[in-house]
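The structure follows.
Letters A, B, C and D name the chains as they come in the text, with residue numbers starting at 1 for each one.
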C-alpha cells in the first residue's frame, strides 16, 4: 500500500519534470507546444547514445541530456517558434505536430525503431525494505532529484531577478516590457529551461518509461493532463497535478488493472468540465 | 503511435502496369504484407528475412513457376492491410498472400481471401480464432497458446504450484492466459491471480507490485517481445527474484532478437517456445547463417514463421504441380509435414493450423552471447483452444 | 424606405453569384465519376480518399465554419465505424441502414459532447476533444465483448447495398457507394453554408463579440453544427467499416485526428471542398513519399506541415479563392488588418 | 413615464479596481443623450454593462422599465438595445452586404434557417440594399470588410447596429479614428438617425456632442459626476476644470 504510494510519487515527480516546461511555455507564451515530448525524447536518446555507444556513466548523462535538450530548444525557439507566438492555436498545433513527426521519423532513421534499453549503475538497481515499504533505489533517486529540482525551481522563481521577470512576463507581457524587462530574452531562456528539464526527464525516464521513437506521442496525453489539470499560472499547480496523476495512475493499475487508463482520461475530462482553467489555477486565470 | 501507415501504392501503380504482360504462366506472385514501419517494424523485418532466406536456400523456381515476392508495408494498420491484400489480388494478380504481423491485421483480410479464393499463410499473428475466419487461411507461426501449455505442465512438475499469470490484454494474450490456466489447473496447480496489462503500457511497476504482494511460487508472463525487454528490467528491479518468485514465460519475453540487449538480467529465465536460434539441427544452422549473412540480424521466431510459410507454399505448388488455383493450393497445404529449422512441423489437415514441438528453454551464455538453450521437448502440440 | 432599384439588383445578383455552382466544382465531380471507368485498378485507394474527404468535410463544418479546433474528431469517426460494424455483425447487414444508424449514434454522441466545447478557450477545447476521443478509444478497448477489444471487430458480413449492389472485390460498388454519400453530404453542407444559418456560423467564427451584439445565440448554433459534424464523421466511419468489413481499434487512435486536421488544412478550410482536395493531395503525397523514402515519409509530412504554417496557410491555400470571382478582390491586396 | 434606459446603483469592480461606481442614470425616450468624461472614466465599461458584455457586480439595468440585468447579451438585442463599438467589431471576411443580411436575418429570427438559400431571401436582400444606400456603402457592396477604408468600416459598424432596428442605440465614439475627409459622412449619418430611436452617445468630439445631444452626463472615475442640459454642462466650471480643460 505505502509502496504503491511511493511508486506513485516517483512516477508523478518524473511526470512533473517532464511536463513543467510545457506548462511554462503555455502560461508564458500562450503557445500550445505539442512537440514538448520531442525534447524529452532528445534527452533520452542522448543518454542512450552516451551510455551504450561511449560507455559513459549514467550520472554524466543527466546534465548532458539537460544541456543538449536546452540547446536544441533554444535554437528552435529562435528559429521556428518565435514567429508563431502570435499565430492562432490551430497553427501552433499543426506546427508542433509537424515537429513531432519529424522528430519521430528522424530518430527512427538514426536510431531504429526498437525499444532502447540502458543499464543503470548497480547502486541504483534493486530495492530495499524500509519499515515494511519496498523502496526501489532508482525510484528513490528520482524522488530525491526531482524534489531538489522542484525546490530549486520554486526558489529560482520567487527569489531571483530572472524569476520575478518571468512572473511579470507571465502576468502581463506588455506591462513587463514597459518596465524594461527583455521579454524576448526571458522567453528564450524559459523555453530553453523548459526543454532542458524535459530532456532531463527523458533521461531519467528511459529506464522507467521505456524509450522508442513514438515517445513524444505516447506521453503527450500525460503531459497535457498535467498542464490542463494543474493550470499554467504557477509551478505548484502542475506539480500537484503531476503527483496526483502519478499516484492515481499507479494506484489505478494496482487496484483496478482492468480500468487502467480509463480512470485517468475520465478524470481529466471531468476536471475540464468543472474547472476549465485547471484544478489548481487561481480564479479567473487565463 | 502515429500514422506511419506507409503503403507503397506508388510501387503498386508501377508494378500493376508492368503486371499485365508479366502474368505469363511461368511467374507466380506471392503478396507479402508486413508492418515494415511503425512500432511493429521489427516483426516485418524478421519475417521478410525468413522468406528471403528460404528462397536463397531453395531457389526461386518451383514446379516450373518462378516465384516473385511483392512486399507491401501496412505499418500495422488494419484497413491498410485489407486494401493492400485486395490490390495485390486484383491488380497484381497475386496467387498467394503471406505475412500479417498482428491479429487485427489478419482478421481484416479474411473476408477478402474468402471472396477471392486466394490462400493466405499467416507468418506471425497467433490468436486461435484467425484460421477459422476463412477456409483459405493456413498458419506457420504458432496456434494460440501452443507455447504456453507445455510451460504449465513443466511448472507443476518442477514444484511451482502457485502461479500468478500476467498477460497483455489482447487476443493472443487472452488465448495464452486461458491455455496456460486450463492446463495448469488440470495438472493440479493453483492460479493465485490473473493480471492483464494494457497492450501499450509504459510502467509495469504497479502490476509487478501486485504480483509481489500475492507471494506466488512463480509468475507466468506473456507480453509482446518489444515490451518484454522492458518487463524484464522492471522484474529484476522490483526484486521479485529475491523474493523467491520465479519467472516463467513464453518465448516472446526472451525474443532472440532482443535477448542480448536485455542482458544479464535475463539469465536463468525459463521459457517455452517453438523456436530458438540455438536449436541444434543442420536445417537451423543453415537458416541462421543465411539470415545473419543477408540481413545481419539473429533470426527469431517471427523469422522462422516466414521461412516456413515459403516452405509450405513451395510444398503446395509441388503437390498441385504448378496449378495456382486457390482451392487446390489450400487443399494441397493440408497435412503437409516437413522438418523446419525449428524442428518437425505439420499443417493440421482439419484446421489448417500448425502442429509443432514446443521446447522448454533456459537463458544461458554461449560464446559470450545470450541464447535460449533448449532442455526439454514436448512433441506435437496442437492448439488446445481448437479442440 | 426603398432603395433604388439598381442597388437591389446589384445585391441580388451578387448573392446569387456567390451561391452559384462553379465550373471547377462540376469538373471535380465529373472526374470523380469518370474515375470509375478510367482507373478501375485504383478504386480502392479512391474509396479511401473519398472516405477521408467525408471525414475532413465533417471537420470543416466545425473548424472552417464555426471555428472550433478539435484534436479528437476521430471519436465520431470511430464511433460511427463501430456502430455500423456492430449493427452489421449482430442485427442488420444492409449497408445503408448501417450508415444511417451510425450517423444517428455519432450525432447523439456529438450532441452530448457539444456542451463541452461551448465554453473555454481553444486550449480547453483541444484538450476536451482529445480527452473524449481517448476515453472512447479506451472504452472500445475495454468492452471486448462488444467491440472485439484490441483485436478489432471482425465477422462483419454485409448484404448488397439496398439489396441490389454487392461489394465486389474490385471495390467498384464500394467506391460508387462512398462517392454517392460524399455527394449527398456535400450537397447538404453546401445548402447549409449558403443559408442564413451558415452565414451566422461564419459570423460566430469571425467575431463572436459582434455576433452577440446582433443577437446571435451562439449556444444553439454551435450545438447544432457540432452535432451535424458528428453525424458526418460517423457516416465516414461507417463507410470505412462497411467497405473493409472490419473495424480495428485504430479508428479511434490519435493519429486519425491529427491526420484529418492535416488533410483539411492542406486543402484549405471554409469552402467545403478543402476536405476533398486535401484528401487527394495528402493521399497521393503520402503514396509518393512512401515510395521515395519508404520508412521516413513521416519526416517529410512533418516538414510540409511546418512549412505550411511558417509560410502561412492562408497564402498557400488561397487557390480556391482565386477560382472564385468573388474573392479575386480579396486576394489582390491586404490593406487593412483584421479589425479585432 | 418609463425611461428608455435606466440604471440603478450600478457598480462594477475588477478586484480592487472600481470601474463603475454606483451609477444611476436615466435616459428618456427619444433622447439624444451624451456620455462624456476623461479617459479611464469608465464610459466603455458602462456601455459594456448596459449591453451585457460584462456582468455588473451590483445594481440594476432597466430597458423600457423591464429589468434586463441578468438577460444575456444576445437577448438584449432582441429587446431593442443595440450598440456600436469604440474599436470596430466587424466581420473581416464578409462583404457589407453579407454582414447586413446577417444582422437583418437575425432580427427577423431567420438565423437558424438552414435550408433556405440566402439568395431566395429577397426581402432581406432588399432591406440590406436600402441600408447600403443609406449608409453610402453601395459601391463597397461586394468588397470584403477588411479591405474597406476605415471611414467605410465605421459606417458599416453603425449600419450593423441600425439593422437590428433598435429602440435604444448606444454609440461608442462613432467618429473616433475617422480621417477628417470621411468624418462628415459619419457625422451626417449619426445626425440623421430617426427621431424615435433613443441614442446614447459616447464621444470626445465636443463639437459633435454639443451639436447633437440634448442631455449630457459626465463620468469621472467610474462615478456619475454631473448631469444636465448642454447649456448647463458646457458652462459648468467644475466640468470645465476636470474634463474640458484637460482635453483642450
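For the reader, a short list of remarks on this structure follows.
Note that contacts are C-beta pairs under 8 Å (C-beta built on N, C-alpha and C of every residue); 3 or more make two chains touch, one makes a residue touch a chain.
In UniProt terms, the chains line up like this: A, C = Branched-chain amino acid ABC transporter permease; B = ABC transporter substrate-binding protein; D = ABC transporter ATP-binding protein.
This is a predicted model, so every value here is computed, not measured.
Note on connectivity: the fewest chain-to-chain touch steps from chain A to chain D number 2. The minimal number of chain-to-chain contact steps leading from chain B to chain C is 1.
Taking the mean of all protein C-alpha atoms as the reference point, the chain centroid lying nearest to it belongs to C.
Most remote from chain D, judged by the distance between CA-atom centroids, is B.
Judged by contacting C-beta pairs, the busier of the interfaces C-D and A-C is C-D. Computed from the mean C-alpha positions, the centre of chain B lies at a distance of 74 Å from the centre of chain D. With centres defined as mean CA coordinates, chain D is found 40 Å away from chain C.
Centroids of chain A and chain C (each the mean of its C-alpha atoms) stand 34 Å apart. The mean-CA centres of chain A and chain B are about 37 angstrom from one another, to the nearest whole unit.
Among the residues of chain B, those in touch with two or more other chains are 1-2, 4, 37, 41, 198. Counting partner chains per residue, chain D shows two or more touched chains at no residue at all. For chain C, the set of residues touching two or more other chains reads 254-255, 258, 295, 297-298. Chain pairs recorded as touching, per the definition above, are A-B, A-C, B-C, C-D. The touching residues of chain A, counted against chain B in their complex, run 3-4, 7, 11, 100-101, 104, 108, 113-115, 117, 119, 125-127, 134, 136, 138, 207-210, 212, 214, 217-219, 249-254, 257-258, 260-261.
Of all residues in chain A, only 26, 32, 80, 83-84, 87-95, 97-106, 108-109, 217, 220-221, 224, 228, 258-262, 265-266, 268-269, 272-273, 276-277, 286 touch chain C in the complex they form.
By the touch criterion stated above, chain C contacts chain A in their complex at residues 63, 69, 71, 116, 119-124, 126-128, 130-132, 134-135, 138-139, 142, 254-255, 258, 261-262, 265, 295-299, 301-306, 308-310, 313. Only residues 41-42, 44-45, 48, 141, 149-152, 154-157, 169-171, 240, 244-246, 248-250, 253-256, 258-259, 286-288, 290-291, 294-295, 297-298 of chain C touch chain B when the two sit together in their complex.
Considering their complex, residues 1-4, 6-11, 13, 16, 36-37, 41, 73, 77-79, 82-83, 86-87, 89-91, 103-104, 107-108, 110-112, 115-116, 127, 133, 169-171, 198-199 of chain B touch chain C.
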